[in-house]
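For reference, chains read A, B, C and D in written order, and residue numbers begin at 1 within each chain.
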Amino acid sequence: MMKIRVLSFGGLVEIIGKENMIEAIDTDQVVSHLEQTYPALAGRKYVLAINEQMKTENTLLQESDVVALLPPYSGG
Amino acid sequence: MMKIRVLSFGGLVEIIGKENMIEAIDTDQVVSHLEQTYPALAGRKYVLAINEQMKTENTLLQESDVVALLPPYSGG
Amino acid sequence: MTSKPKNIFVQGAISPALVAESLEKHATEQNIGAHEIFLGQVRADEIDGRKVAAIQYTSYESMALTQMEEIRERILSTYSLACMHVYHSLGTVRAGQLCLFVFASSRHRNEAQQACRDVVELIKKELPIWGEEIFEDNSSQWKTNAFK
Amino acid sequence: MTSKPKNIFVQGAISPALVAESLEKHATEQNIGAHEIFLGQVRADEIDGRKVAAIQYTSYESMALTQMEEIRERILSTYSLACMHVYHSLGTVRAGQLCLFVFASSRHRNEAQQACRDVVELIKKELPIWGEEIFEDNSSQWKTNAFK
């Protein structure tokens, strides 16, 4: 099992911290492992990006991938 | 017969000058007298204002009225 | 109208510094969320082989200011604005220099954006202002606003 | 994309002087007839009796810059612009200060106006940037962009 680098932003940082290393083969596993460790994450609104590309469906991961949890934007 | 103050603007100044005093009882007379004195005015595009209010129909004038000949605008 | 209309005319080109100053003045108004700014700049157009060096602006000033008050009232009754400022050049403005500055501020961006757009349109259409293009060879030609 | 995306981020508030400088830089481009500028300003909103003192901006910077390049390309292929510049704050911007500066220039005004409007919309919708409202009592709350 590989360790995947997971970044978080905005209000999610207060829940799961800026960065986590999570053992996972796909994005669904990333999310479920994070929710186990940080129950407050469940029910929060966010989308996932892999290597800065938005992903809406479960996606297999590679060792070097960077997953990001992005809550609703509020720039501008 | 009264003398009416007539102002002109934009390209019309080159034809009839900045200001004329014209004997006239209405705006039609203002225009026809100006065209007699300055034949180049005929055929030029402009609208008339009396005391800064646009007038599209022939209008009777009073001694203190100021008539203005306004060619198409090009501000901005 | 009982009050004297606000002057919008500036002699010569509008300075970029005026834009910065206008913004600085509104830094204390804490219910403004959006500023929309339009600036007109004199283009060095080439017409029949002659290049525009400057535009010389003249106006029926008193009438233009009265008309501008009417535009201002129309806009302020249509859009909810924190403020609106307009500056237009008179006299000579060289190619590359600014001749028109419209500034609208509001709580949310839509109001300022729409207001700014409408005001620019109305200024070009309704204010008795004339621009004479002066070419590099000192010949000249009167501009006419085209509405597309 | 092969070239490094252009940076849009500014630490802290955007200075009104930057707007004047941007205008001055384009005074030599003689085929520009219109500049459209949008500025976002932090409002001192009152939420549940607490007043916003500042917004603290953070971003997924590398992703934001890549997204911004895509927005830029989309806009430049849609509108004929002479140039387009975007600046967004990171870190703390106090109420009354500027946090976003969008600048579009074109030959005729329509292109710059539409482009500026679209860019502001896309920045708010597509850039991974987050603003945390800091209240005067030091409590805070994450903003969410509402699209009306």
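Basically, a residue touches a chain if its C-beta (ideal position, glycine included) is under 8 Å from a C-beta of that chain, and two chains touch if they have at least 3 such contacts.
Every value quoted in this text rests on a predicted model; they were computed, and no experiment measured them.
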**Item:** Separation of mean Cα positions, chain C and chain A [Å, integer]
**Value:** 50
**Rounded Å distance between chain C and chain D, as computed from the means of their C-alpha atoms** = 23
**Request:** Please work out the Cα centroid separation of chain A and chain D, and write it as a whole number of Å.
**Result:** 27
**Asked** Which chain D residues touch at least two other chains?
**Response** 40, 120
**Request:** Specify, in ascending order, the residues of chain A that touch 2 or more different other chains.
**Result:** none
**Message:** Graph shape for the chains shown, where an edge means the two chains touch. Line, ring, star, complete, or other?
**Reply:** line
**Fill in**
One finds touching chains in the pairs A-D, B-C, C-D
**Prompt:** Which of the residues in chain B come into contact with chain C in the complex?
**Reply:** 7, 9-11, 49, 52, 68, 70-76
**Complete:** Contacts from chain C onto chain D in the complex sit at residues 16-17, 19-21, 23-24, 26-44, 95-98, 105, 107-110, 113, 117, 120, 148
**Prompt:** Can you list the chain D residues touching chain A in their complex?
**Reply:** 40, 57-60, 62-64, 66, 88, 99-100, 120, 123-132, 142-145
